[in-house]
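These are the structures, in structure tokens.
What follows is a pair of complexes built around subunit A, which joins subunit B in one and subunit C in the other.
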Partner chain A sequence: MAGKDLEVVAVAVTKKTHKNRELAQLLTAASCALISGLSQGVNAADSWDVDSAFLLYSESDGRVSAAEPVISATKNFDEETKLTFKIAADTLTGASPNGATASDHVQTFTSPSGKGSYNAAAGEQPLDDTFKDTRIALSTNWAAPINRDWAYGVGGYLSKEHDYQSLGLNGSLSRYLNQKNTTLTLGLNLSNDTVNPEGGVPTGLVQVPLSNSDSEFTQRSDSENKNLVDAVFGVTQVINRSTIMQFNYALSTSSGYLTDPYKILSVIDDNAGANFGGNFQSGGRDLYLYEKRPDSRLKQSIYWQTKHQFENDNILDVSYRYMFDDWGVNSHTIDAKYRFRFDNQYLEPQLRWYTQSKADFYHRYLNSSDYSSADFASADYRLGDLDTYTLGLKYGYKFADETEFYTRLSLYHQESSGDKGYGKLTTQELYPGLDAAMLIVGYKF
Partner chain B sequence: MRRIIHIVGLLALPIIVSGCSDLGVKPWERDVLAQQEMNLISDPLESSLDDHIYFSKEASSGGKGFGGGGCGCN
Partner chain C sequence: MNLLEELPIDTSLNPSNHPNPSLWQVNENSYQVQFECMASDCSILIECKQIDLVKAAANSAVIEAWRIEHKFSRYQTDNTFAEIHSKTDIIQTLDDETTQLMIFADHAYHASQGLFDITSGILRRGWHFDGSNNLPETSTIKELLTNVGWAKLGWDPSNPNQLTLPKGMELDFGGIGKEYAVDKMLLVIRKILSQTTSAILVNCGGDLACSGKRLNGESWKVGIEAVNDQTKAKHIVALSSGALATSGDSRRFLLKDGIRYSHILNPITGWAITDAPRSVTVAAPTCINAGIISTLALLQGTEAENFLSSLNMPHWLSR
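Up next is the complex of A and B:
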């Protein structure tokens, strides 16, 4: 019965992709329907664990805001055998940087669909305000022991947005050693994604046309694919009675269309003269090109996590990740959480620090003298030099019936840096930062 | 890469020093580790929401599990 509710809700929400106000109401209704539907299951079988949460995410200066309800239900057959279903929905609205640089004059950009345009005032970071999306994601996972020393898990997921679909399968195999003090795990994930951008798939590094009547638009294909294969090898080790440690090595390959179809680059005039460092003109207007990324990426990461409980019952959770890929990106992430535990409550400050180096083909802008010789280029700040910081505080309350309520407020800050440009461009802010707030409310029962 | 090994080594050092002599516990000493809070991922939904945000705002993903994805946000 709960399953049927899920289906109805999923279909209803997908149909409303473009109506965001109605959508917010629907999502609220969806969460309520799911919770009530599933609690009936809880009472009936008495062996379900339900975990629900709601995320509100909001960026400063009217950029992206998102709401994401998520609920998962786990049926425990015994201590190690379980079946989990999860549904998440998210809706995004707001404005997102399109990749172009700020300029000394008003800039006009063709919208992704080619049916309209939007402006950026002089000196302002160009933001595409046509950005909105809704996503529904469903996943399921089955985990069970094979015998005393081995266990396995299998799962699948499906997610759908109006311009993106993803279908995935995963499996894992674990081997217990040394009286279960050591666990070796091998996981594999395969996914096939389809991108069908608003307005079709643009041609990389070609001038953004004025409208969809242009021949560049009419020759576009509707969709492109990408395939992902992820493998994780992990060792989990019990250190002592109150300390556990994990070490993972992960390999991830993606191939196919890895470009962001909505991102563009400015071409800057590097000819000596009055317009040095200004927007380069082509066809009587500022020249912007669609970005283009390589069609494959190999990422590798090592991950280390340790959790330790002190004599006073407080818990420290620290992790570190180093990631590197063949696009030239290197990153370090340190995440630390410290949980102060009181009788049936806890307070947990959280800190996260992340730093990445830019991809080889990241350019804040291209130059008029050599843009035509670029093989790949992207001005997406997420591929540039970037530092981010998250500061969070979580509070939780455990009720006598073992249900738990928690809430968390986090502040997220991004700082980009890079080449400062030349001539007129040096007066523009090329790397504006970003601040965002995240609020999570969760209930487990 | 050498820098990384140094950092990881440094972070792990106190635990290696204190725990290397007797790694692991007997089955009857699992009371603390059996607490739900001591699971490596003790709040899977909170982790998945965080992963989703960071996946859409940064160039890295994954590490503790699969690399996120299933979304056109990056």
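Up next is the complex of A and C:
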């Protein structure tokens, strides 16, 4: 009997021990939940940070307008580990300069598909108004630490338009030094793009045919490829508690079909006579050639950025980029933003200046006497001497639940310059400017 | 230790009008911040090379501690505690932080089978722990007990931010407030120092939490107060991670007929626990965790040792 009782007591004690351990485990879990749960505020541990924005872009004279919804979602697993998805869709409509010069008579251009034509009135900049596209872009990125001193990131990118696809992969490796005050980053980005232009891939520096029944059209291939490899080496340095600085050196090579299949050049008559400086005639009509660019490009750039937070919490963000390439293009970009911070609002004016010198093969037009000897030529203003100015103002409001509304209005002004032509051409506006406005409205939650 | 400076804190963030914290240099790259909170002397030890960051972290931590102190204080008229108790017998919506504390209190109540109950604070009205032999009348306690009991609240864990507080009842977060503040301070400091190398120890009157080992790789050496001589440390505990909390009655008790009545009250009987240890110190991952276990251990009275041994948690106990 006595033995039996002892056994019962022993079982009871064991049960109690188990129960107490469960109790302790439960309380440990509840304690951790209380402390760490609150640290995240309303963003519970497994919630997503979502940034949704809508962008409206409009060029002066209604040339191009774009509407672009963007949604990006980031899941933060911890301070340094995160997964980001981004999706953007944009619709572009309007007209873009086709590269031909304005003329003293009405000009007729074959549409890119070769199925029709469009006109430019005398004295007007020729614009291709068949331009309309919808683009969808998806990207994802994963960033995580390897250990105390190293971190990595990998990502992928996919975008699709009806005549252009891009597929990219990227990776980066970061090394923290000096108690994380210095970060060295090596990044690599590979991308493969396919161009399948409307009407096929035209032959460079060949006369634009009248229609798609021309043999130039029937011999075209459907698509071309280009490959890009970008490598970036960066140093980020914490200068002091309120200043951080970054230096980057980037090397970018592209190879393959780098030409814009929709861009053409006018050939101007440089023979002395009545038509000096007018459109050169070939086959009884104005002569336009498809542009042609080299099949490789090597770009290098250096970049410097400094962010400084003032005593009153305002933030100054200044950056400078110098880029040069083997096409002869050099560019400088200076960007400055200053964020005025109020309790739960901020106001951020931005100034940006970009200046670029033209590519070696950029010509506003070609001359009748020597156009046939050109190896490469493009009249794309984006390869010419160019200055752009951006004036922006961003406003953000943070709600009590940490969500944020923001909006940004940017005004963009572009000026091109270059050779003024000769003869009749001198009366034409060869370098029309461009003004555009961009409005972004977004909500982060 | 050299006094470096006072850390001025805006009066709007110092609702209880404490003196400003003071910053002391212990060694090169080692600092101590001293301040008052919840009737305790508090200190924050930070080992870090960047004194600017140390100051910023200490500032934020002290503000956080004072915020918590004020928010749940029973002696204020313009705080969350007062607001909750001004709305009785109707449904009210609790803020996020209070909701989380309610969820924690619910877990603690159930895990302890009712021994830990934040509605039991009003029992103090019947007890005056002044070292004397004045025990309360049984009828007084009986009367008070009608307004004690977590289960009497209009509160449901499935809808944790909705509360109906019956008139006469009181929610006392004081029993977990100090430990909670210690954990939150550590969290705030860690966040600010996350980009740099640091070691942190937060201490509020013996309830403490650390960020890990010290920068030299050693543990923090923490002395646990001796029962009879408070100036002399009894145990030296090496703490390399987590937290410590101590519950005890070394200063607050009643003594009658040779029986020591601890200031820890049993919310079910309304009566003071007798034969409780003078002090119980427990180590746990968080300070609030250590605090709740040490309180539960005291509530076991004579069974405290057995209870603690059954938990597999490091503990130090003195009778």
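Basically, the second predicted complex is superposed on the first by the 399 of 445 C-alpha atoms of A that agree within 3 Å, B and C clash if a C-alpha of one lies under 4 Å from a C-alpha of the other, contacts with A are read in each partner's own complex, and residues count from 1 in each chain.
Throughout what follows, contacts are C-beta pairs under 8 Å (C-beta built on N, C-alpha and C of every residue); 3 or more make two chains touch, one makes a residue touch a chain.
Just so you know, these numbers come straight off a predicted model, no measurement behind them.
Enquirer: Thinking of the overlay built on chain A, is A:K307 touched by subunit B (first), by subunit C (second), by both, or by neither?
Expert: first
Enquirer: Output check: A:Q179 vs subunit B and subunit C. Expected answer is one of first, second, both, neither. What do you get?
Expert: Both: A:Q179 reaches subunit B and subunit C.
Enquirer: Once the shared chain is lined up, is A:D230 touching subunit B (first), subunit C (second), both, or neither of them?
Expert: After superposing on A, A:D230 lies in contact with subunit B but is clear of subunit C.
Enquirer: Spot which of subunit B and subunit C makes contact with more residues of subunit A, would you?
Expert: B
Enquirer: Looking at A:R241, would you say it contacts subunit B, subunit C, both, or neither? Reply first, second, both or neither.
Expert: So A:R241 meets both subunit B and subunit C here.
Enquirer: Scan A:K292 for contacts with subunit B and subunit C and give back first, second, both or neither.
Expert: neither
Enquirer: Let me check the overlay on chain A: which residues of subunit A are in contact with subunit B and also with subunit C?
Expert: Correct list for subunit A: 179-181, 238, 240-241.
Enquirer: For subunit B, which residues count as touching subunit A in their complex?
Expert: Residues of subunit B touching subunit A: 4, 7-8, 11-12, 15, 18-19, 22-27, 29-33, 35, 37-38, 40, 43-46, 48-49, 52-54, 57-67, 69-74.
Enquirer: Can you tell me which positions in subunit A touch subunit B when the two form their complex?
Expert: It comes out as residues 51-53, 55, 57, 68, 70, 72, 88, 90, 92, 133, 135, 137, 157, 159, 161, 163-164, 166, 168, 170, 178-182, 187, 189, 191, 193, 195, 228, 230, 232, 236-246, 248, 250, 252, 260, 299, 301-309, 315, 318-323, 325, 329, 331-333, 339, 341, 354, 356, 359, 382-383, 386, 388, 394, 406, 408, 412, 414, 438, 440, 442.
Enquirer: Which residues, counting only subunit A, touch subunit C once they are in their complex?
Expert: 16-17, 20-21, 23-24, 26-39, 41-42, 79, 179-181, 238, 240-241
Enquirer: Using the touch definition from the top, list the residues of subunit C that touch subunit A in their complex.
Expert: Where subunit C meets subunit A, its residues are 49-50, 52-53, 56, 96-97, 100-101, 103-104, 107-108, 111-112, 180, 183-184, 187, 191, 194-197, 284-286, 288-289, 292-293, 296, 307, 310-313.
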